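Each of the next two complexes has subunit A plus one other chain: subunit B in the first, subunit C in the second.
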Partner chain A sequence: VCRLSSDEKPGKFQPPPKPVIIDKLKQIEERRFLSPEFIPPRGRMDPLKFFIERKDMIQRRKVFNIPEFYVGHILAVTTADLYAKDKVNRFVGICIQRGGKGLGATFVLRNVIEDQGVEICYELYNPRIQAIEVLKLEKRLDDNLMYLRDALPEYSTFDVNMKPETRLDHEEIPVNKLQVRMKPKPWSKRWERPRYNIKGIKFELPEKVMKEAQKWSQPWLEFDMLREYDTSKIEEKIWKEVNEELKK
Partner chain B sequence: SITGACGGIQKLTRVRVVDNSTLGNTPYHRPPKCIHVYNKAGVGKVGDKILLAIKGEKKKALIVGQKMPGPTMTPKFDSNNVVLIEDNGNPVGTRIKTPIPYILRQREGEFSKVLAIARNFV
Partner chain C sequence: MMPIWTKSGKKHAVTLLKVQDCHVLKYISKEESDGKTAKLLVGGKNASPFSKSESAMEIFREAGVPRKQKVTMFNVTDDALVKPGTPLYAAHFRPGQFVDVTAKTIGKGFQGVMKRWGFKGQPASHGQTKTHRRPGALSTNKAAKVYRGKKMPGKMGNIYRTSFGLKVWRINTKHDIIYVNGSVPGHTNCLVKVRDSKLPTCKEYNKNPPFPTFFADGDEKLPEDLYDEEMFQFTDPSVTYT
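Then we have the complex of A and B:
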């Protein structure tokens, strides 16, 4: 059907409007992610210091996009390096740990290149970082993957030329329930002990050893009220604050 | 390796030779150990020269990677890596497969020949 304009001349082709489907049965909840370095640590410091730090962090985020990522994601980081080829250095690795609060927040990437394990600790808000790309999205069973140092090297090798994976939904991130096999003992830390609370290792140790390790369990720790730090209300406040600033 | 991370490379640390020289790669019943660090402090970091005892001989070497974490944005390796060197700075081997940190490029004058054999950089 050719729509003629008022001048009775065939105007530019205007495609028909796309139908907008609103599924009222399915309520799409937007997932909230607040980067852990925004949450102030527990202490008696003046909240003004954290407020000023958050302003600086938001300033940096406006200029440079720091994507949402968790421990277990595979990232590619390009940094500016005076002594590298083309002044740019690209490193691909799995995020083992995220530490630090405020502007000094860091994350450690690990990869095995030519049978040599390499770990680099990057600062999130360092101006030398040019780009952070998320190559693979998956959470692991633990918050801290330091045990990968004592695991077989195949679990830490990742292809440097991996293609970035696009996110399907703005909803759940898949959890990889991989049980990692370890090198023979001795390890750098005694990962079988309950203080590390690791669920992602396939312990092939004899039962005797596992029972011995349970001797060091401290079951009263989870009920200790002095160690409680409820961050839900603080998170809500900071989430609103950060979102408002970012939209400006 | 068996020991945990130390504060750098000092006397009597076991070290891994990373180039393809015969001295470094032929098996011996004792691992190559550091006997002296050419530094005011007795601890060697990446880019320092040390004296190694390999196969009953003394040989100078250059530290290319260490287990101890260095300044941020620099790589930390899973083993203490070392490249065998002559007294005048010429490397003994012909190829270095393992990755080498870009920081060594800062002292291009002293290490130009070592950096020329290196294949991968981190």
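Then we have the complex of A and C:
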């Protein structure tokens, strides 16, 4: 393109702008997942303790594969059970909560078996766990699906003999925007209140109740600077460390 | 604190204790001390030498060691003569031994009788006038006095307490860390005194320790991690029952 209206010396050759090549494969590979139990909590503990715990966690991951999963995935866990037939116990359920840091990290699986709701809290690094399979991959709108206890049982029932779903690496995990219908009140917790910040329930309550629940909102919380815990830099360091060790 | 699993799949909670720059400061023989046992003065964590008087710094100068934040005495047998200035490491203890841990408990300040001594207090309603957490009666009528040592409100915590008979599960020789079963008095990162257990049930487990202590420049080359026999190591495959 000829640029005669430039302010510099007229007639000087301006090379055309270089084309920017976007490598789509490389972009997709950039998606990272660091299991939340690796991130140390905020406190006055010596970082050496977290370093040593991480070494143990990586050791365990080298021997036993812990797949990447979020709250809302449907998992099947087989554990060694002394009092079960064949000494092996298999449980299928939806992951409703991931808690704990370090070696004591846990996840809770929920299922409804023969009209009885069952929740089992498993420890990720327990040596009795023989296998963790991801049967269905879908994220939900919330980080904590404890409200499924007060939802209609159809939302917590999952087939025990479900087939595992294959998943291509480097693809976005789909988000299921399901709005769950609840049993009539009273509930175990007042899920309509803003402190739980639940987006996955279809509240069929009267507007008056919803307005009253907003009385307990704390709009200043998101601006509270003392509560801020920026984990991006810590995550990057730990991500590098964990990846290097796992590749060995 | 961390979880630890045994080979049979049971979970135990474990406290990590770090041995930070421990040196032997002085050996006091049986005759010089009370005449019953010999004593060894041991110093922990390094600290700045500028806030102590010259007379206090004498012991550190003679041993050739920087000033230590905590100095404790250990009762030892006569043949446990260690040269002042030798460093002490976590490998002094071995997995499977039992250990007593002493430390200053977390200070709670001035506390009332319900929190400090576990009194039941009084009911919340049914006519109680201004009396819900008080101690109630102090003594009987006939005594006509209050006995010494009566449990009353006061400063709680910040005193030395010991937890006895704690099993050592694992020793990390590279970072000098001892994994001790159960909980230990004191807040996180506080200074702690670790001794061989004096309980009669733990005598047989504490035989054959490294005597008088583990010397780093000696002939023994230990692996980085020493585990107890029953402990599940993460390099093993998952636990199965047959």
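Assume the second predicted complex is superposed on the first by the 217 of 248 C-alpha atoms of A that agree within 3 Å, B and C clash if a C-alpha of one lies under 4 Å from a C-alpha of the other, contacts with A are read in each partner's own complex, and residues count from 1 in each chain.
The working rule: a contact is a pair of C-beta atoms (placed from the backbone, for glycine too) under 8 Å apart; a residue touches a chain by one contact, two chains touch by 3 or more.
What you see is a predicted model; the values in this text were computed from it and never measured.
In the superposition on chain A, no contact is made by A:D23 with either subunit B or subunit C.
After overlaying the two complexes on the shared chain, residue contacts for A:V63 are found with subunit C alone; subunit B is out of touch. When the two complexes are overlaid on their common chain A, residue A:E154 makes contact with neither subunit B nor subunit C. In the superposition on chain A, A:E204 makes contact with neither subunit B nor subunit C.
Of the two partner chains placed by the overlay, neither subunit B nor subunit C lies in contact with A:E172.
Contacts of A:N126 after superposition on the shared chain: both subunit B and subunit C are touched.
Residue contacts after overlaying the shared chain place A:E228 against neither subunit B nor subunit C.
In the superposition on chain A, A:E114 makes contact with subunit B only, while subunit C stays out of contact range.
Where the contact sets of subunit A with subunit B and with subunit C meet, they give residues 81-82, 123, 126, 128. Those residues of subunit A whose C-beta lies close enough to touch subunit B in the complex are 79, 81-85, 89, 91, 106, 113-123, 126, 128, 149, 186, 188.
Taken in their complex, subunit C has these residues touching subunit A: 2-3, 5, 9, 11, 16, 18, 172, 175, 177, 188-189, 232, 234-242. Every residue of subunit B that touches subunit A in the complex is listed here, in rising order: 2, 4-5, 65, 69, 72-79, 81, 97-99, 102-106, 120-122.
In the complex of the two chains, the subunit A residues touching subunit C come out as 43-46, 48-49, 52-53, 56, 59-60, 63-64, 80-82, 87, 102-104, 123, 125-130.
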